[in-house]
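You will see two complexes here that share subunit A, one where it goes with subunit B and one where it goes with subunit C.
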Partner chain A sequence: MTAVGDARSEPVTGTESGPAGPAYRKLQAGGVVLAVLAVLAIPSLPFTSGDVFFWTEILIAILFATAANLLVGYTGLVSFGQASFLGAGAYTVGMLVSKGGFESMTFTLIAAVVVGGLMALVMGALIVRTTGLAFAVLTLAFLELLRTMAFKERTFGGENGLSGVVRTGIGPIDLVSLDRYYYCVAVLAMVAMAMMWVVVSSPFGLTLRAIRDDAERVDFLGVPVRLYKLGVFVMAGAVSGLAGALDAYLNLFVSSETLSLTRSAEPVLMSILGGTSFFFGPAVGALTYEWLQDLLQARTASWVLWIGLGLIAIIVALRRGIVGLLAQAWALSRRRDPAGRTEGKE
Partner chain B sequence: MTLQEFVVAVVNGVSYGFLLFLIAAGLSLVFGVLGVLNFAHGGFFMLGAFLAYQIGGAAGLPPWRFLLVVAAAGIVTSIVAMVVEVGLFRPMYARDHLDWLLMTFSLSLVAEGAVREIWGVNPVTVSFPDSVDGAFTVLDAKVPQYSVFIIIVGLAVVVGLSLLLFRTRWGQVIQAVAEDRWMAQALGINVNLVFTAVFGLGLVLAGIAGGMVAPTQALTPQLGAFFLIQAFAVVIVGGLDSVPGALIAAILLGLLNSFLVATLSWLAPYSFYLGLIVVLLVRPQGLLGSKELLRRVS
Partner chain C sequence: MTAALRLDGVGKRFARTTALSGVTLEVPDGQLRAIIGPNGAGKSTLFGVISGVHAPTSGTVRLYGDDITGRSPAAVVKAGMARAFQVARLFNDLTVEENVLAAVQARRGTSWTFFRLLRSDRAAAEQTAALLEEVGIAGRAATRAGVLSQGDKKLLELTMALALEPRVLLLDEPTAGMSPAETQATVEILHDLHRRRGITILLTEHDMGVVFALAEEVSVLHYGEVLTTGPPAEVRDDPQVIEVYLGEPL
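Right, the complex of A and B next:
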């Protein structure tokens, strides 16, 4: 898109995950350890144990948003259709359990990941050659196609959706109780997050960021740009499929609501809220978003108004989200500290 | 398919096409001149529909008063839009498409939230205007009068818009800015003012479309999203920066939809999305889009 004064004073989505000093790494590692401990403690804390359902939803949202940010933040592809894969995962579970009679969660969860990934492979093979507006609109069109299919075709439950999803267990572990299921989601989400972390820190992840910043130059270097985009699209699809399956087992119900535009936009909006240029930005964004939604929905029917205004403020002014703001504050405090190394000018 | 079904399909298809054109024309105009694909367009359209309800009330009105209500809804929508353009858009033109996608999308959330805040979540309905709420009999087929009413209003807008864009100095200025805003600015055209005016013009059409749709639908806060995607299909099939392309595509897609409803009805709900996907993949510049467009959409 050409615009008056095309010169961009700073990258819209930052280029690195904050200042890369050893102190920062220590801070980051400490944050991750604290977060893991907090996640494991939630069902036993007095002020959260009553809301295990809500906290399971948050974990799923974190997983889904982090997957979407592989595209938005790391590759610069805005997908408004990420719920296509959330829905694919949820409907895989719904169909296998309620129509196929499969009880083993091990099988259905793996199937959901595979279906999410395969669907992303097929869709991605068609659309990764487009970028920008065309890509965003195509993801939206595919989403609407799938939503219409889920809503209209009786095979997929139509308007009524698919009920009759039951949680059994994985292998010998019984997951009928919500508390136990919470831990199952927590462990799977952490494993998936760790895998995504490894991927984005690898040369593959660095190449993705290079593609985001200047796809043409990366192409000139002989890198198969489309293949890289397809790779990350499939990965985001597979993880979204897992998130959808976990969502289906949480609600014990699947409907075309999982394929709605709202569900699809949420992970992108959460990522902006938290900061798209940080791996944990979407996680922070998801937590904030769900918390705000919970808070506002109890008081007003129009909470989207406030979330919309907040997002506009972030896009216009803050630009790097909540984590960006924290990182900046941290950098400032380091600069004032006489012992700390100067971080250079902003 | 009988002759009666054929006549009904043609009238309904053309009428739906004109309705879609009213929505899509603004989208296309704004993209062509401002270079912004406005995801909040559906939100403004919805605002127009609810404003028509607010101004005219739920009861049936005489047709001419209904038209005044629709025009008022369009004008108020347009004023809101111009305030947004000046206050929010103007400092943002230097940003890239990523920021624009996300910002206009967030703006659509604000529109949805504002509608929920003001009019609540329960659907509201608007009656058809008096004396166009029945059906004509054409070749033994019953044709809804309101469909014909939409076609007449749509034709009037097409004529007015083409005169404005292609026969006036204002139209020339708009085309000049769309073609090369730097050169236009160098020639002394106030580009900022043109941007605001074009956004206002595009959104007056969206508001009018909202007012015209109001009697045909139960109005809910989800109205915007549904029509936005159909309008995307229209502008992309027609060629994003071409208003005449949008007209042709709107009529074609409207007819395609109404004929599928009459024949292969299971396929009809998918027609717009399939059209959108196929055109974007095979011919991204659409039917009448410029070559330049290829670079801008990707």
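Right, the complex of A and C next:
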């Protein structure tokens, strides 16, 4: 760990948002750079180039889980209906392409973001007054409503779903090949992640964390809590809409499976697995989850059982998720550092 | 001159009990007023009604002439009032600094700013640092609020209330749960604050030492009614007050 050796010694206060201090920030920045390089290298690395479809799925899962964690981790709103907006994005693409004949992906992707955000606005306006279990149940009810509609209504493809989604390109960039589409997803996901990072690091983000701790107390700061909840709900909905659209263009097919409870629970599970109090927790969780699923699926038919048991074990053992464990290990290693090295600049 | 806070015939009934009946109270601008009374006299309900937690069953609450009866807590804060709770309510997972910053940005109207980094707002950071300095908890800025001592928690909550730059400050037992030393320090802080900022302060307190050290006037609440209001020395010697509350002459 020579990279952090020259950093000033900081008391590691260990707030739920991660140990503070410039050294930690440096470590985080280093991790992000490595992750970005890895993401860009995946289609050309010998051991991953054969699995570009799988890696595209992972990027979409990371995007979706990070969006859900804006609610779960940052605002304390547990939504079991986040797939409503994933589905909204996917169906927006499905309908526009297969029924409307729209070829421009620029248009359909933007439309998916707008539809995801608008649906979240409508739904949020109805339910942000509720909290806890009532909120979770209402998100679930809304999801079921949409799923039933998609499944029964012929206009939306019914039980056959919507096939005939074709990938064209964005502007002059041709995205027909999977490798190229992978890069498109990577860039869009990174931009969306960067935007979400700014949001959680902003004054608005601090207000969200305050709401998570004690929403009622925020009222006594003169802040209209419901509007803030609605705001973040719309943001999460819009990003989920994008994830859904990217998913539709990956599978070239849209079905009511995108509106299933499984798809809704996944981002919440991934967030808890990685650590809801860390921005990159959901990303690490998504990667681990998908990898575990892939590993088990190839070996046993009862993989759902094993992944369930595995998740329970990890969640019980690591109260703050995988990233929480790493952060703790790092904090410990710094505390044990010989004094001379960390106090260089004091 | 308009009173800072004026209650007219304020009543509050819960399902079966009458917590307040016909409370009429006037706190002049800039005064430090203490409300005392035995447990169950209605002090907490009174604060709840003033700060928008409960809508009164009858009567009106005015803040500098502005009728705030039945407004939401957030709207009452907007009208110029801030409060602290008997058991400090903080954002436990946030640091001391972040707690105050949340209040500072609420006051500055920047809580909505979502596309700018928090740490780039120098003015808010400076104001936060100055407030922490003023109340004397700057040394704990990076500590998680949840692990503070009871005394520091109360001081942090006071700092958050001050960050809202209220014209009227409600403090529900500001020294509850404090050690004698912390109580003494808090009395000094409140005394200085009141003198320096000239804001109107309404506080409830069980510790008569604190009341007599700080209050310019004292109102005694008994069974949801105001028994009497007057300067501390007068109230202390009031036979009625001695009978219902103080028990014996102080």
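The definition used in the following text is that the second predicted complex is superposed on the first by the 319 of 346 C-alpha atoms of A that agree within 3 Å, B and C clash if a C-alpha of one lies under 4 Å from a C-alpha of the other, contacts with A are read in each partner's own complex, and residues count from 1 in each chain.
Throughout what follows, a residue touches a chain if its C-beta (ideal position, glycine included) is under 8 Å from a C-beta of that chain, and two chains touch if they have at least 3 such contacts.
Computed from a predicted model, the values in this text were never measured in an experiment.
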Touching partner for A:Gly76 - first (subunit B), second (subunit C), both, neither: first
Which of subunit B and subunit C A:Gly231 touches, first, second, both or neither: second
First, second, both or neither for A:Val39, with subunit B first and subunit C second: neither
Which superposed partner A:Val239 touches (first subunit B, second subunit C, both, neither): neither
Touching partner for A:Ala90 - first (subunit B), second (subunit C), both, neither: neither
Subunit B versus subunit C as contact partner of A:Arg209, first or second or both or neither: second
Which of subunit B and subunit C A:Val223 touches, first, second, both or neither: second
Superposed model, subunit A: greater residue contact from subunit B or subunit C: B
On subunit A, the residue positions that both subunit B and subunit C contact, one per complex: 13
Touching residues (chain side subunit A, partner subunit C) in the complex: 11, 13-17, 20, 195, 198-199, 201-207, 209-210, 212-214, 217-225, 228, 231, 235, 277
Subunit A contact footprint on subunit C (complex, rising order): 51, 72-75, 77-78, 82-83, 89-95, 98-99, 101-103, 105-107, 110-119, 121, 124, 142-144, 160, 164
Interfacial residue positions of subunit A with respect to subunit B in the complex: 1-8, 12-13, 76, 78, 80, 126-127, 130-134, 136-138, 140-142, 144-145, 148-149, 152, 261, 265, 268-269, 272, 300-309, 311-312, 315-316
Residue ranges of subunit B touching subunit A (in the complex, touch as defined): 35-37, 88, 91-103, 105-114, 116-117, 120-121, 181-182, 191, 225, 229, 232-233, 236, 266, 269-270, 273-274, 276-277, 280-281, 284, 296-298
